[in-house]
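What follows is a pair of complexes built around chain A, which joins chain B in one and chain C in the other.
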Partner chain A sequence: MGRFILQRFGVMFLTALALTLIVFFLTNLQPNLEKIAKFQGNARMTEPEVVSWLEKNGYAQPMLTRYAEWLGLAKGWTHTDDEGKVTGRCIDHGQAPAEAPSRCGLLQGDWGYSIFFEADVAGKVLGKLALTGKLMLWVMLLMIPMALIIGVLSGMREGSKLDRVLSTFSIVTTATPEYVSGVIFIAVFASSAVGLKWFKGTATSAMENATFENFFLPVLTISLYGMGYISRMTRASMTEVMTAQYIRTARLKGVSFYNVVVKHALRNALIAPFTVIMLQFPWLLNGVVIVETLFNYKGFGWALVQAAGNNDIELLLAISVVSVMVVLVTQLISDIGYVYLNPRIRIS
Partner chain B sequence: MDPLSTFEIITRILVQLSPVWISLILLYAMSIAFKRRLGLYGKLFDSPIGMIGFGLVMFWVFTGVYGALDMIVTHDPLSQVSGMKNKVPGTPVRSAEEGEYAWYLLGGDNLARDVFSRLIKGAWEVIKIAPLAAIFAFMVGITLGLPAGYYGGKLDITLSFLANLILAFPVILLFYLLVTPEIVATGVPNYMAIVLFVFPIIFLAVLLNSRFHTRPKLRTPLLIGVLGLATWMYLQLVSNGGYLINTPDYKIIGLPRVLDFFDIDPGLLVVFVSVVFVNSPTVFRIVRGLTMDIKTRDYVAAAQTRGEGPWYIMLWEILPNARGPLIVDFCLRIGYTIILLGTLGFFGLGLAPESPDWGSTINDGRKLLSIYLHPALPPALALLSLVLGLNLLADGLREESLKD
Partner chain C sequence: MYGEAKTISRIYYSLIHILKIVDCSALYPIGATGRVLMSNKINNVDSIHWAAEMHAQEVFDGKLDRREFLTRATALGVTSAAAYGLIGLNAPARAMGTPKMGGTLRIQMEVHGMSEPRLYQWSEMGNMTRGWLEHLIHYNNDGSFSPVLAESWETSDDAKTITINLRKGVTWNNGDPFTADDVVHNFNLWCDGNVEGNSMATRMGPLVDPDTKKAIEGSIVAKDSHTVVLNLPYPDITILAGIADYPAAITHPSLDGGNPIDNPIGTGPYLPESYDVGEKAVMVRNENHKWWNEGNGAYLDRIEFIDYGTDPATIMAAVEAEEVDMTYESVGDFIDILDGLDMVRAEASTAATIVVRPNQSTEVDGQKPYSDVRVRRALAMAVDNEVVLELGYAGRGKAAENHHVSPIHPEYAELPPQKVDPAGAMALMKEAGMADFEHEIISLDDGFEKDTSDAVAAQLRDAGFNVTRKVLPGSTFWNDWAKFPFSSTTWNQRPFGVQVLALAYKSGVPWNETGFSNEEFDNTLVEASAIADADQRRVLMKRLEEIMQSEGVIIQPYWRSVYNHARPGLVNAGVHAQFEIKYQNIGWEA
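Up next, the complex of A and B:
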C-alpha cells in the first residue's frame, strides 16, 4: 500500500509538471504576450514599443528559462533601464534591489502576481477557493444523498414502475448540461415573466450571505447533472447485488424485503458508487465554471474564466495547478477507498 | 395583422416542420416493415425506449438537414427586421413584403432576428460537427487503444499517462487556452489537426493491410486506391488556401489550390480539433479496457496459434467483438460532444458571434432572461431533447445488444 501511494504521488507530480508546462507554453505564445503588453501598457502601442515593453518586463527570455523562474529554480530576471533604475521579477514595488531575494517562484512559496486582480495570486486563489468550497459543500450535501436514494430505490426492484420513473428522471438529468438546466431554472423560478420569483437569478449576494433564496438554484443546477450519473451507477450496482446468491438465501430464510435491502444489499451496493462520486469531481469543476458564470458567483470557476479571458498567466497557472491537484487527489482517494471498502481486495 | 395565439403558433410550427414529419413517418414505416432483416438497427424497433430515442435524434437530423437546404426556416437567421427586437412569439412582422413569412413564430431576439429560424439553422450547426467529431475521436481512440491494451508494457504506460494527462485538464480551461484568436494565429490548432486527422488514414491502412496482406494482388491496388483518396481528403482538410500552416512569421506549403475543393473556416477547425482532442482519451481508455478483457478469450488464442499477425487479431478479432459497448458509447459520445459544443458557444469561444448554434444562442438569450424567456428557452430545450434522444438511443441499443 505504501509503495502504491508513493508511486501515485510520483505520477501526480509528473502530471502536474507536464500540465503546467503546457499551460505555460500556450499562454506564452507570442500573440498572447503582445496581448498582455497591450492590456498592461497601452492599447495603441506600436510594434517596437511592444517589443521593448516585453524586454523590460522579462517576457523576452526563452520560455523554458521563464518556466524555471516561475518554479523558482532559476534566478528571477532583472532589468536596468537607461536611468539605472533596476526592476525585476522578485523586486516588489518600492523595494531596494539589493534586499530582494534572487529566486521567487513556487518553491519559495511565491505564486506570482495577477495582472487582472492586481493582487498576489496566492491570496486571491485561496479566497476564491473558499467561496467555491462553500458551493461544493452544499452541492455534495444535496447531490449524494439524493443520487443514492434514487439509485437504491430504482435498483431494488428492477423493472418496476418506480424504477421506470426514477430511471427516466436520471436519464433526463444526465442529458441536461448546466447551462440548459440553469437557464430553465432561472426562467421558471426567477424571472419576472413567469412570475413565480421564488428564488434569485443571481448568486452574487450569496458570496457573503448565502440564503436559501439566493443559493439554492446554483446548487441545484450543479447537483442535477452529476446526480443522474451517480444514481445510474448506484442502480446498476444495486440490481447486480439484488440478484446475488446471498440475497436470495436471505429472502428464502424469510428476512423481510426491507431488511434485505437495508442490512444485506446496501453495504455491498455502495462500493461502486463511492468511486464514481470521487471521479465526479473533475466533472463538477466544469459545472462550477458554468454555474458561477451563469449566476455571477465570483468563485474559483469565475476566476478561471477571467484569468483565461485576460491571459493572466500566473493566475491561470495557479488555477491549473489547483484544479489538477483536485482531480488527482480525488482519483487517489477513490483508488484507496475502493481497496479499503472492498473486503475481497483488502484481505488478499 | 394580429399576433398569433398560442394554439396558432403551435399549429404553424407543426405545419412548417411537415417535411420532417413525412420523412420520420416514412423512415419508421420502412424500418418497422423490414426490421427482421436489419440486424441490430432493426432490433432497436423492439424496444420502446430505443424507438423514442431514435425518433428524437432523427427528428433533429432531418430538421438540421432540411434547415440547411432552406426548407423549414421562415426568415434569414442573420437578418434583422426593424421593430422586432425582443418581440414575443407570434408577433407579426411589420410591413411584411409579398412572399415573406408574416410572423416571427418564436419571437425575435435582442438583435431582432427570428428565433425560430435560428433554432432550425442551429440544429444544422450541431448535426454537422458533433457526429464527425465523435467519429474522429473514435478513430484516434481505437488506433491507440488497441495496441495499448494488446501489447501492454511500456507502450501502455506511456499512452495511458498521456491520456490521463489530458483527462486531468479541466475541459473549460483547455478550451479557453486553445480556442482563442491568438492561438489560432500561431497555428497551434493546425498542427493539432495535422496530427489528429492522420489517425483515420493509419486506421484504414492497417485495417486493410492486415486483412489482405496474404493476397498482394488485391491488396496493393486496394490500398493505393483507398489511401490515395484518404490522403487527398486529409490534405484538403488540413490545408487552407494553399498552405498547411500560415502564420505571419512562416508558412508551410500544402495542397495547391487547384486540388483543394473545400476550405474549413479556421474558427470551426479549432473548435473541431479541440472537441476531438478532449474526447479521444476517454475513447482510448474504453478501447484499452475492452481489449485487455477480450484478448484473454479463446478465439484470440486460436488466432495466435494460427499465426495471425498482431494487427489482424486487434482489428479483425478483438474490435468486432468489442462493437456492442463501442456503439453504445458512440451514441453517448455524440451527446457529450453536443454538450461540449454548447459549452463552447456558451462561453462565446470559437464560433462566430452571430452563429446560430444553440450554445451561442443560449448565451445571447441569458442576459435578458429575467424579462424575456423566448430567445433562450427554445435552443435550451432543443439541446436537451437531442442529447436526451441520444442517451435513450444508447440505452435501447444496450438493452437490445445484451439480448443476443
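Up next, the complex of A and C:
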C-alpha cells in the first residue's frame, strides 16, 4: 500500500511539472507577454514602450530560464536602470537589493506574485480555495445524500412508478446546464419579476457571511446538476445488484424487503457511486467556474477565469498545480476506498 | 460558456423589462449633481479676468449660454461663485439637506489593480484614492471648476502664465505641511514622459520639453510657500482641465512611484482599510488627521467599493439583493429597471461618447483598407447617427456629428448638417474599388458598446457593404484597442474640445486610435490650443471639425448622457460627468 501511494505521488509530481511547463509555454508566447505589459503598465502603451517594459521586468529572457526562475533553480532577474536603481524578481518595493535573496521560486517556498490580484499567489490561492471549499462542502452535503436516496429508491424496484418519477427528475436536472438552471433560479426565486424574492441573486456577501438566503441558490445550482448524474449511477448499480442471485436467495429465505435492501444490497450497490462521487471533485472545480461567475462568488473558479483572462502567469501555474493535486488525490482516495468497499480488490 | 451565461442572463433581464409594469409615479427627484460646494473666501472682484467679464456680457447679449460661460470663466481663474455673480445669479445651493455624520456606504464599482496616480487608466482608480489623495481643482457637472487644494488660480492676459494660489493650513496626514514645493514635485512627475503609460505627460502639453521628455527647466516655479507659477512657452488653456482630471491626484513626495494603497499619505480625510483587486476595497475615516475642510464633508465612517464585474445584469442582482447602495454607472435598459427598484436616478449630460473608427494605418491581409479617404467617407456617409442613438443607446443622448467636438464644449462651432446617403456611400466605395471588402467591426462583448456597434454594422449592411462583427471581452479588447482595423471605443468627456482632439487625433500621440495623421490638422490644433478666448478659438475649431468630417476620421454616433442610481436618502451621490465619486461629500440624509 505504501509503495502504491508513493507511486501515485510520483505521478502527481511529474504531471504537475509537465502541466506547468505547458501552461508556462502558452502564457509566455509573445502576444501574451505584450498583454501583460499593457495590463501592468498601461492599456494604451505604445509598441516601443512595451518592449522597454518587458526588458525592464525580466520578460525578455529565454523561456526556460524564466521557468527555472519560477521553480527556484535559476537566480531571479535584476535590472539596473539609468539612475542606478536596481529592481528584480526577488526584490520587494523598497527593499535594498543586497538584502534580497538571489533565488525565489517554488523550491524556496515562494509561489510568485499575481499581477491581477497584486498580491502573493500562495495567500490568494489558499484564500480562494477556502471559499470554493466552503461552497463544495455544502454542495456535497446536499448532493450526496439526496443523490443516493433518489438512486436507491428508484433502483430497488426497477420500472415502478416511483422509479419513473425519480428517473425523470434525475435526467432533467443533469441535462440542464448550470448556466441555465442558475438563471432560472435567480429569475424565479430572487428577482422582483416573479416576486418571490426568497433568496438573494448574488452570493457576494456569502464570501464573508454565508446565510441560507444568500448561499442556497449557488449550492442548489451545482448540486442539482451532479445529483442527477450520481443518482443515475446509483440506480443502475442498485438495479444490477437487486437482480443478483444472492438477493433472490435472501428473498426466498423470507428476509424482509427492507432488510434485503439495507443489509444485503446497499453496500454492494454503493461501490460504483463512490467512484463517481470522488470523480465529482475535479469536475466540481470546473463546474464552479460558471456558478461562481453567475453568482459573483469570488472563489477558485472565478480566480481561474481572471487569471486566464489577464494572462496572470504565476497565478495560472499555481492553479494548475492545485488542480493536478485535486484530481490525483481524489483518485487516490477513490482507489484506496475501493479496497475497503470491495474485498475482492487488493492493491500491491 | 462564460459568455453564454451572460447572454442568457441578459435575455432574462430583458424579459423582466418587458414584463414589468414600470411604475411611472416613481419619478424621483434627480439627485444632487455632485457639485463641490465650499464657500470660496478669496472672491477678489478686482482680479477678475477681463475675458470673463467679456463673456458675461455675451451671456446678457444671448451669445453664450450659461454652461459655456461657467466653463470659460472658471478656467480663467474666476471662482464659480463669482462667475455666477457676473451673470446675476446665485451659485446653486446644495440640492438636499445636510448629511448626518456616520454610516456605511456600499458602492458598486470595479476594483482595479492600483498604480501611482499618474499611471491611472480608469476613473475608478482615481475614485479609490480620492479620499486621501485630493486634486488641486475639481471639474463640476455644470462645466465650471471649483477649488480644492488650490484656493484660486489666474491666467495672465496672454494666457502664458498661470498662477496657482494654494490653500493655506493644509497638512498631509503624516503631519507635514502642504506647500508649493509638493505641488512643483507633482507637476514634475506629471511632465515625465519617460515613464511608460504616464498619460499626464500628454495633458501637460507645453510644459514638457519634447527632447528630454521632462518638464522644461524653470517652467514650474514655487514663487513662495503657497504660490506656484507655470510659465508656458506658448499659451495652452487645457492644462487647467488636465489637473482636474483623475490621474492628477496630488501625492506626497514619499510615494516615490509606489502604490498609494500601501503608502496612503495624502491630505484627505479617509484611509484605505483593505484592498482586494477584483473583489472589494474598504475606506475608513482617518481619525488621527485634521482635514482642512473639516465639518464640510467626510460624513461617512466607512465606504466599501464592491466589484460586480461589468455585466449590468449582475449589478442589478446586487441592487436587488440589497448588497449595494449606489451604482457607479447605470446603463441601457437597466436604467428603467433600477428606477422600478426604488432607486433614485441621477443624470449628467456629458461630452462622453462612443466612436466607431477605422484605423488608417492598420494592415488587413497585407493592405491598408482604411488609408483611402473615400472608403472612410463612404462608411460615415452610410450611417444615420440618429438611428444608431435610438438603437444603440435607447435615445439617451444627443446625435453627434463625426468630429468629436461637443456642443457643450465652449469652442464648439456648428457645421451644416451631414447628409445620410447610403446610395452615395456605395458609389464612393465602388469608386475606391472596395465594394467587396469584408469589414469587421470589433467591439466589447457587453452593453451599449456592443449594441451601438451592432447598429452601425446594420446600417452599413443596409448600404450594401459586407460587414461582420466580432465581440471581445474587456480583458482582451483593451490590450489592442488602438490597433484594431475597425472597432468601437468609448471616450470619457473632457472639458475642452481642443483637449479631446489633442489626446486622440494628433499625429502619433499614444491614444491616437485612428492612425490619423494630418499636418494641417496638427498645426491648426496647436494654434487653437493657444487661444484662451473661446470665440477666437471657435474660428479655428470650425476648420478642425471640417477636417475631421471631410477626412472621414470617425463615425461618432452620439453624445451620451450618463446615469447612476442611489438609495433614497443618500446625499450628493449623483453621477459625475467624468465618473468621479468624491466620497467625502456623500452622506446619509439626517
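The definition used in the following text is that the second predicted complex is superposed on the first by the 345 of 348 C-alpha atoms of A that agree within 3 Å, B and C clash if a C-alpha of one lies under 4 Å from a C-alpha of the other, contacts with A are read in each partner's own complex, and residues count from 1 in each chain.
Please note the rule applied: contacts are C-beta pairs under 8 Å (C-beta built on N, C-alpha and C of every residue); 3 or more make two chains touch, one makes a residue touch a chain.
Just so it is clear, the model here is predicted, and its values are computed rather than measured.
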### Task
Check the residue A:320 against both partner chains and state whether it touches chain B (first), chain C (second), both, or neither.
first
### Query
Given the touch rule stated above, what does A:191 touch, chain B (first), chain C (second), both, or neither?
both
### Task
Applying the touch criterion given at the start, work out whether A:304 contacts chain B, chain C, both or neither, answering first, second, both or neither.
first
### Task
Using the touch definition from the top, say if A:27 reaches chain B (first), chain C (second), both or neither.
first
#### Entry: Contacts of A:230 with chain B and chain C, given as first, second, both or neither
neither
### Query
If you stack the two complexes on chain A, which partner ends up touching A:183: first (chain B), second (chain C), both, or neither?
both
### Message
Going by the contact rule set out at the top, does A:15 touch chain B (first), chain C (second), both, or neither?
### Response
first
### Message
Quick one: is A:210 in contact with chain B, with chain C, with both, or with neither? Answer first, second, both or neither.
### Response
neither
### Message
Which partner chains sit in contact with A:39 here, chain B, chain C, both or neither? Use first/second/both/neither.
### Response
second
### Task
Starting from the residues of chain A touching chain B, keep only those that also touch chain C in the other complex, and list them.
35, 177, 179-180, 183, 186-187, 190-193, 201, 289-290, 293-294, 305, 309
### Query
In their shared complex, at which residues does chain A touch chain C?
34-35, 38-39, 41-46, 49, 52-53, 93-94, 115-119, 177, 179-180, 182-183, 186-187, 190-193, 197, 200-202, 204-205, 207, 214, 289-290, 293-294, 296, 298, 305-306, 309-310
#### Entry: Parts of chain B lying in touch with chain A, wherever the complex brings them together
161, 164-165, 167-173, 176-178, 180, 182-183, 185-186, 188, 335, 339, 342-343, 346-347, 359, 362-363, 365-366, 369-373, 376-377, 380-381, 383-384, 387-388, 390-392, 395
### Summary
chain A contacts chain B in the complex at 11, 14-15, 18-19, 23, 26-27, 29-32, 35, 171-172, 174-177, 179-180, 183-184, 186-187, 190-194, 201, 282, 285-286, 289-290, 293-294, 301, 304-305, 308-309, 311, 316, 319-320, 323-324, 327-328
### Task
In the complex, go through chain C and note every residue touching chain A.
1-2, 4-5, 8-9, 12, 15-16, 19-20, 113-114, 119, 121, 196-199, 258-259, 262, 276-279, 306, 308-309, 314, 317-318, 320-321, 323, 340-341, 473, 475-476, 478-479, 481-482, 510-511
